[in-house]
Amino acid sequence: MPIAFEKVSYTYAPGTPFSYAALKEVDLAIEMGKITAIIGPTGSGKSTLVQHLNALLQPSDGQVLVLDRIITHADKPKQLKSLRKNVGLVFQFPEYQLFEETVLKDVMFGPLNFGVSEEEAKKRAMETLTVVGIDPSIAEKSPLDLSGGQKRRIAIAGILAIDPKVLVLDEPTAGLDPQGSKSMMQLFTQLNRQYEKTVLIVTHDMEHVLNYCDNVVVMQDGKCVTHQTVKEFFNDGKLLHELNIKVPNVLRFKESLAKGGMSLPEGISDLQTLAKAIAGRIKP
Amino acid sequence: MSNIALGRYIPLDSLIHKLDPRMKIIAMFFLLIAVFVPAGYPGYGVLGVFIVSVLLIAKLRLNFIFRAMKPMAFMLVFLLMINVLVLRTGYVLFSFYGFTVYSDAIYQTLYITFRLALMIMITTALTATTKPLDLTLAIEDLLGPLKRFGVPAHEIAMMISIALRFIPTLIEETQRIMKAQASRGVDLKEGKFKEKIMAILSLIVPLFVSSFQRAEDLADAMEARGYVPSATRTRYKQLKRTLKDYIMLFVVLLLLGGLITLAFVV
Amino acid sequence: MKPIEVKHLKFSYDQETDVVRDVSFSVERGSYTTIIGHNGSGKSTIAKLLIGLLEKEEGEILIDGAPLTLENLAAIRSKVGIVFQNPDNQFIGATVRDDIAFGLENHNVDPKEMDGIIERFAQEVNMTSYLNHEPTRLSGGQKQRVAIAGVLAMSPEILILDEATSMLDPEGKGDVNELVDQLHHSRNMTILSITHDIEEVRKSDHVLVMNEGQIVMDGDPDVILHRYADLVKLRLDAPFSVKLALELKKLGIVLDNPMDEEGMVDQLCRLHLKK
């Protein structure tokens, strides 16, 4: 298994009065080639967890396996570039990391840092801009003049241009309007299906988990409390209730119908299928 | 960051912590003057004992004071070298490789060391026992009489207090941007000169952009809540002088007077 | 007299492209009004114009019947409180207590009365146990509640929320929404909320839909949220039940009131039993 956490603990500011254990002996294996959602309340350790994936944080205890690397407490922050090249991490509100004069230069910045030639970097930048839905005609504009949604796409393009195998995103839809977040999630699906990226998304939005993700990891109080397929997860009503998870609309509606005497088959996750199933029950 | 001891507030509950910050600032000034009264080693002895007792009353641990002084060590070594080279008075202490060290060189260096140590202890006694915000209020009050001459006392205090409020936020922001750029292959430690410049730019530009954004938002929020810089406004935190403050200042003045007598009269 | 009345408002940052063009609307006393629109549609600009942080180019803004001018800016700002989007960038004091005091100081409240006022409003937003906490030790939702307390302490009649929950996690969002509801009901405060939250729109009394600097729909949320095709064109979303009803309609099942999810479930279950 190429990405795995083995008894990983992480403590912020150890040995001080502010010491805080953000991860406690986390065991977790991420399936490659899938979209995995990481959910859990604020402060449950989600962000700390994902920062281990490209060794921005090194475990206080235990080890993290990423692709062919093993990251432990002792691993000196050298040769980390080869790791960071393979695991792209997009932080929350990534639009704040733009700094170059032009959109094109900003997207080229990552690949150049990883030793890609100027020519190749430019080629990649133009490609990834198209992939994220940015019109190449604005490539020569200053990124600071663009709208928030555009900036975020450019920031994501900046990571994609490095061509990582694994893409990790921390709340990528925060602050976007409904259509903006929908097309953002569709972009990740495309990256996963078409470009075969392994995608990890930290999110609070259960609709997104249900509609776009394959697997789900639930963090709580620094521990991974469950890790399963999205399908299984949303079928386990008791667990959802225990974890205080807001049930997505389709499933909530289905539950209400079941209470009223109309039980529909399992595995319905989208609106159209739900409507058809209802119609099938009502119409002869 | 947490290693910096100089100028840091230590939240403890002591008599010194409770004193009025304005009176503490005034007392600090008198004590700093006392350091420069040429009362010789006996004078420094008295002053030293006084300040150490103040620090002990403030429940500060003395190793904290030593940590505050650490940054000065390099300066003192440098000073000693200069003195050894330059000062050729007093009696000969020893010589090596044809080089003679005179007593005054050591004497002078010790003298300056004592002064510096005293000054650091005095300022630490103020900053470690007074909340930064209370210090700004005190500065505003003390600068108050200068308003007449166009000194914007209130604005200065407001600027300092907002800066203090945003330091943790900006540190957090810097760390976040550093991590975000590290994910894009930025390496501040290695790389060629040009790469390093780019690495630094990749931190500074975003930090500036977001700081301007914050400043704009904050200005909006302040204005929306009725803040007008030039208008009169009341103040929630009222500084109060009590008898204790006057006694403290009296003791300090007594000490200063004593040292002056020791230096010039005796 | 209406608490907010806006007539033919126009504004641009650069004199070329109008961010707000010919906007007119009014808000009823004690009502809960929402403004929706995709990012960049000009919603937040309206909020800033209403409290005089931006100066209008043309048109009129009346607060409680009085036109907003430079002269009565202070009077109007004490009637209208606003909570902004970013919880970090509006926390001014070093602690919760100092932050609530900030507005009081601006209004020349007697320092002796401040503690009482601060404690009363901290209690109202349920932050009493955090009074001496610094902002870095608070969550986004808690910071926004402090911001609301700071606004309430100035006893405004109108509360504007400029995407106040959009940067919060679900828990913070829930807390803040609940608090705003409570203020709306118990104090009969007039609320004007700029939001992306369709659930908030649904429970509001009145919704304004903005696009390209103009108000393109204005009315009852029940009616407007129904117009799914129009909303999608404006890059907006509709409530789940509306979308489902639309899908069902395509399949030949027509329901009475798709805004009411419970009623919808009832109807469907009845149809199911009849069969």
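Note that the chains take the letters A, B and C in the order they are written out, and that residue 1 is the start of every chain.
One rule holds for everything that comes next: contacts are C-beta pairs under 8 Å (C-beta built on N, C-alpha and C of every residue); 3 or more make two chains touch, one makes a residue touch a chain.
Predicted model only: the values in this text are computed from it and were never measured.
Peer 1: Treating touching as the only link between chains, describe the layout with one word: line, ring, star, complete or other.
Peer 2: Drawn as a graph, the chains make a fully connected set, so complete.
Peer 1: Report which interface contains more C-beta contacts, comparing A-B against A-C.
Peer 2: Pair with more contacting C-beta pairs, A-B versus A-C: A-C.
Peer 1: Provide the C-alpha centroid distance between chain A and chain B, rounded to the nearest whole angstrom.
Peer 2: So the centre of chain A lies 45 Å away from the centre of chain B.
Peer 1: Measuring centre to centre with CA averages, how many angstrom lie between chain A and chain C?
Peer 2: The answer is 30 Å.
Peer 1: Which positions in chain A touch two or more other chains at once?
Peer 2: If we look for residues of chain A contacting two or more partner chains, we find none.
Peer 1: So in the complex, which bits of chain A are touching chain B?
Peer 2: The touching residues are 13, 16, 51, 54, 56, 81, 84-85, 88-91, 94, 96-99, 109-110, 113-114, 144, 158-159, 162.
Peer 1: Can you check the complex and tell me which residues of chain B touch chain A?
Peer 2: 2, 176-177, 179-187, 195, 198, 201-202, 204-206, 209-210
Peer 1: Across the complex, what residues on chain A touch chain C?
Peer 2: 41-43, 147-149, 174-180, 204, 246, 249-250, 253, 256-257, 260-262, 271-272, 274-276, 278-279, 281-284
Peer 1: Where on chain C does chain B make contact in their complex?
Peer 2: Against chain B, the touching part of chain C is residues 48, 51, 53, 74, 77-78, 81-82, 84, 86, 88-94, 98, 101-111, 114, 134-136, 147, 150-151, 154.
Peer 1: Help me check something: in the complex, which residues belonging to chain C touch chain A?
Peer 2: 38-40, 85, 139-140, 166-167, 169-172, 196, 198, 232, 235-237, 240-241, 243-244, 247-248, 250-253, 261-262, 265-266, 268-269, 271-273, 275
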